[in-house]
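Both complexes shown next keep chain A, but they swap its partner, so chain B is in the first and chain C is in the second.
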Partner chain A sequence: MSEPIENQIERYETLLREMWTASAKYLGMFSVKLLVERVVWELSLEYREIELLEYDQDGISCARIAASLKKNPDLPVDDMFAKFTTRYLKILARLLGHEKTEKIAKKLNEEFGRIPFDSKGE
Partner chain B sequence: MDKLKTGIKNLDHILCGGIPVYSLNIVSGSPGSGKTIFVQNIIFNSARNGLKSLYLTTISESQFKMVRHLQEFEFFSDDFLGDKVIYGDLGAVLREQGTDKVLGYLTEMIKRHLPNIVVIDSFKAIRDIFPDEKTFKAFVFDLAAALSIWEVTVFLVGEYEEQELTLLSEFAVADGIFHLYGQEEKRFQKRYLRILKMRGTNFEQGEHLFQISHAGIEVYPRMRPEGKELHYEVRPGRKGFGITGLDEMLCGGLTEGTITLISGGTGTGKTAFALKFLLDGAEKGEKGLFLSFEEPVAQLQDTARHLGWEMDRYLAEGRLDIKFISPIELDIDKHAFEILDMVREKKVERFVIDSISSFESRVSDIQKYKDYLWAIGQQLKRRHITTIFTVLNEDLFSPMVVTKAQISLMTDNIIILRYVEDDSSIKKVFGILKARGSNHSRALREYEITPNGINILGKLDRANMLR
Partner chain C sequence: MPTNLLLSISVKYWQDFQDTLAKVMDANIYIFDVNGGSFSRFSRPVELCQEVNKGGKICNEKCIRFYKSALGSLEDKGILTCPYGIKLYAYRLGTYAQKIGFLIITPTRIRTQVGGEEENTFVTKACSIYQTINEVLKAILEKNLLGLRRLELNSIYEISRLLTSTVELDKVLDLITNSLVIIYKAELVFVGLREGDKIRVAQAKGEYGHLLIGREWPMVQPLIEQVFSKVEPSSLSIEELMTLPGLTGLEVAPGNEIMVYPLWTALGAVGLLGIVLPLSMDDDGSRNLQIYANFAAVALANAKLIRRLEIEAETEFLTGFFNKRALRNRLVEELERITRYGTPLSVIFLDIDDFKTYNDTFGHMAGDIVLQKTAEIIRNSIRLVDIASRYGGEEFVIILPGTEKEGAVAVAERIRKAIETYPFPHRQVTVSLGVASAKRNDSVDSLLARADQACYQAKRQGKNRFCLDPS
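This part shows the complex of A and B:
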């Protein structure tokens, strides 16, 4: 039986928060916000719903995406968040270097399972 | 760390490979110091490497004028305009919408064009529009963060004076600072570049000469002697002059890879001795380079013919090269660097500079002259090139002054040419003052320069001829 959508979104929100906190250690909150803004903009060409992601200096929230899913349950959230994470980590790797990004990806993998980050991907 | 190659001659060498990518760099200098050409040269070179640049003008120079002026340069290509080099007018946004819309406009432009490089020219003009330093500082921080997240390497161009470089907030935020300036020096209007800061890479500090020509910017790195002790292999070989008597006094010739100073008054034959040294090498198949600051090639060819020496054939066969640089054109900052380039390229084994006195006369700062000669000397020794520097001794009848600037300290061997009075005639004598690590004759011997070459005559045994 598949996982309820609310639980899925909650899991992604925790993942994004972890990712935010881990990268803020290196980039600072302000730059992390800018990085999220960039990834949202890039991904919005493919998934408009990603624009519903809320973020500011205090953190990140998927509440509006969860609400939208009630109207549009067919939204491929797994693909959308997988692509978001991949793009985010790829840019992070170019900014910080692969070693630090690998460390972040490894930590996320330990907590959330397979994170699609390939350090040799660039 | 990945680097952006500027493609400017010798600049990437100074920067140990280039400018770190995603860095924020300030290019500062007075109006006319070459800031805009410097950055334009970088972006057009980068366009050739497939990189895209966004060049935003403010209120200093219109795009139309800028492009018009750029057409004079070889690096410019209008094929890149609108594709790899995109111009935008940030000035209009500032005037019509105010400073708080600048970041939004920049982000929109970046989203639209996805550039690798962003230039704002002039950034100083933006600073002047902000109401206070605090707001401007916050803007600079936000700008730096936003542009780095978009993986953009930034150049902020501004008419900053040197004293502002340590005071204004943008210089604290910047990762790199290039300061361009000019000054009058010995009748030359010279341009210099200094890198004041470059995070994430080593770079060669100090004042580097640059020039602007049709080719664009060319940098001539500051030559400085290395602080660390010079280690080089002393080879046992000897390189003679092919002058009987002189080679014997030197126990076969100059030790390979050493530097020799030939000091003498005008007309004593310094040039002839040095030329003969290269011709003897050419005869043995050793490549020689004669760098003349005093006599043009044709004049040296005449001298060789007059002395009965084969030279034209060696020139034609490439065994000997003569490079003449007019003393009027001599620019030590530029030529010191080019000399070493020539020596490297031509794989020279014997090398002459005739004379280092001309070098000295072109430098406003005697310490700079010494630094250059030490640096050249170190490089030549490291490459095992047997070298002669000739130097003019203005005191014709005295050997006591070898050089005014203590250059003799850096040389391994010293040969003195001088005049002596003998009753009612003047004779020429020479002696070897020093031959480091080698035996040599201490005798003073008379010599003559005739249509048959240089003849070494007998010992000078009448001490009263010296005074």
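This part shows the complex of A and C:
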């Protein structure tokens, strides 16, 4: 039986929070926020729902995405978040270098194994 | 930003739109990207195509080769015949500046014999479809570009606020380089700061960033001269960039744009900002980047000025050592460390013997030379982690972190001997030194007082010697 959508979104929210925290340690809050804003904009050209991602100094929330999924259950959530993560890590690699980024990616992959992390390519 | 923004559109959303249009217009529509690769699927089933391509996308090798070749040589529009005899109405999508892809329109029912009037009607219909699709795509392009501009402007606003309120140089450098990599997906961003007659790369981000950090380029280097000969940025080729010393191993992908901005303020050149972009900037993008560079120049000038003032406020001019205030601040930190980690700490108090007589006899200029030379001997006798300061007129204090009294005695004796044997002008110069090791409950004053007392003992015992604090 497939995982309920609420659980999926909760898992992705935890993943994004982990990414946010791990990146903020190296980049600072301002750069992380800008990075999320950039990836959201780029991805919104393909998945409008990503614009519903909320983020500010206090962190990141998928609550509005979860609400919108009730109206549009066909949204390919896995693809959307996988692309978000890959694009985020690709830019992160330019900022921190591949070594540090791979370390972050490895840690996240251990916890959220289904996301294809590769900071060097999409 | 990809050259072909169409690729950033959700194929699913696009296919829904295309299929609806095809149904309304009773025509088959499909789209190729700028390289002649399939973008969308057929909107309507075409019998012959279904047989050959087994589905909604071109997969037959003969067809793939045909489309790549035919679309590659298509000017604006044309009527083509596919390898299986289907007549295709082909149009180039986009504008002259921004090519998006190709549109193919075919009738839904393939007939070998078509009357002239019927064909004219279909050409008119195809033209309407083309105009509709092209307008929609151009609108999407505009929307995408507006999104990027909004991102740029938001970032410039936030950054201008932060850059003018952040005065720590390292933070300013990080902000500038991080933001440019994020906004423009720049391959490489570097900031060089002017240090006298040279530019020193203070921060660089991107795959090859590590190659640039710390590189120094003289202001008279021809390329640097060229950059600073104007206010506008210089657009460089990779060959031009590589004329800068120390860039062996740097690679820039073909088609990338290399821009170097001179960072000017009213006070002169602060440094330069280099950026390697995956694509050429349009006029709006260039203007935004120039605004960004202007803010960066002001922020860097402020941060550099603050750092210089901070250094000057802590430095004693004649010897270049820390002054009394800075010494006390460092000693507070070191005493906190011994409380926390229990590591040893010793202090040497040094006083030049009979310095007043030397000054009165040979003049203040000669006295200054003695002070400077003594400082140099101290600097050469201690480790990089040790902290030396000029405490007062002819008094110096040296903090030795992680050093027990035996180690401190050895340092004191080394300094004493080096000064005793140094050929100072006019006459021999000697020093008296007091050595004290920190106790757990020591304050700055108590520790310095014990070292001072030991120095006083050395004076009383005949000068040119050291004494160890007995407590």
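Criterion: the second predicted complex is superposed on the first by the 117 of 122 C-alpha atoms of A that agree within 3 Å, B and C clash if a C-alpha of one lies under 4 Å from a C-alpha of the other, contacts with A are read in each partner's own complex, and residues count from 1 in each chain.
Keep this in mind: a contact is a pair of C-beta atoms (placed from the backbone, for glycine too) under 8 Å apart; a residue touches a chain by one contact, two chains touch by 3 or more.
The structure displayed is predicted, hence computed values, not measured ones.
Peer 1: Now for A:Ile91: first (chain B), second (chain C), both, or neither, which partner does it touch?
Peer 2: Both partners.
Peer 1: Return first, second, both or neither, reflecting whether A:Ala67 touches chain B, chain C, both chains, or no partner chain.
Peer 2: Neither partner.
Peer 1: Residues of chain A touched: more by chain B or chain C?
Peer 2: C
Peer 1: Using the touch definition from the top, say if A:Ser44 reaches chain B (first), chain C (second), both or neither.
Peer 2: Only chain C is touched by A:Ser44; chain B is not.
Peer 1: Figure out whether A:Leu35 sits in contact with chain B (first) or chain C (second), or with both, or with neither.
Peer 2: both
Peer 1: Which parts of chain A are in contact with chain B and also with chain C?
Peer 2: Touching chain B and chain C on chain A: residues 28, 30-31, 34-35, 37-38, 41, 91, 94-95.
Peer 1: Touching residues of chain A toward chain B in the complex: what are they?
Peer 2: 28, 30-31, 34-35, 37-38, 41, 91, 94-95
Peer 1: Can you tell me which positions in chain A touch chain C when the two form their complex?
Peer 2: Residues of chain A touching chain C: 27-28, 30-31, 34-35, 37-38, 41-42, 44-48, 91, 93-95, 97-98.
Peer 1: Within the complex, which stretch of chain C touches chain A?
Peer 2: Counting only chain C, the residues touching chain A are 5, 8-10, 144, 147-148, 150-151, 154-155, 158, 162, 171, 174-175, 178-179, 181-183, 185-187, 205-207, 209-210.
Peer 1: So in the complex, which bits of chain B are touching chain A?
Peer 2: 22, 111, 142, 145-146, 148-151
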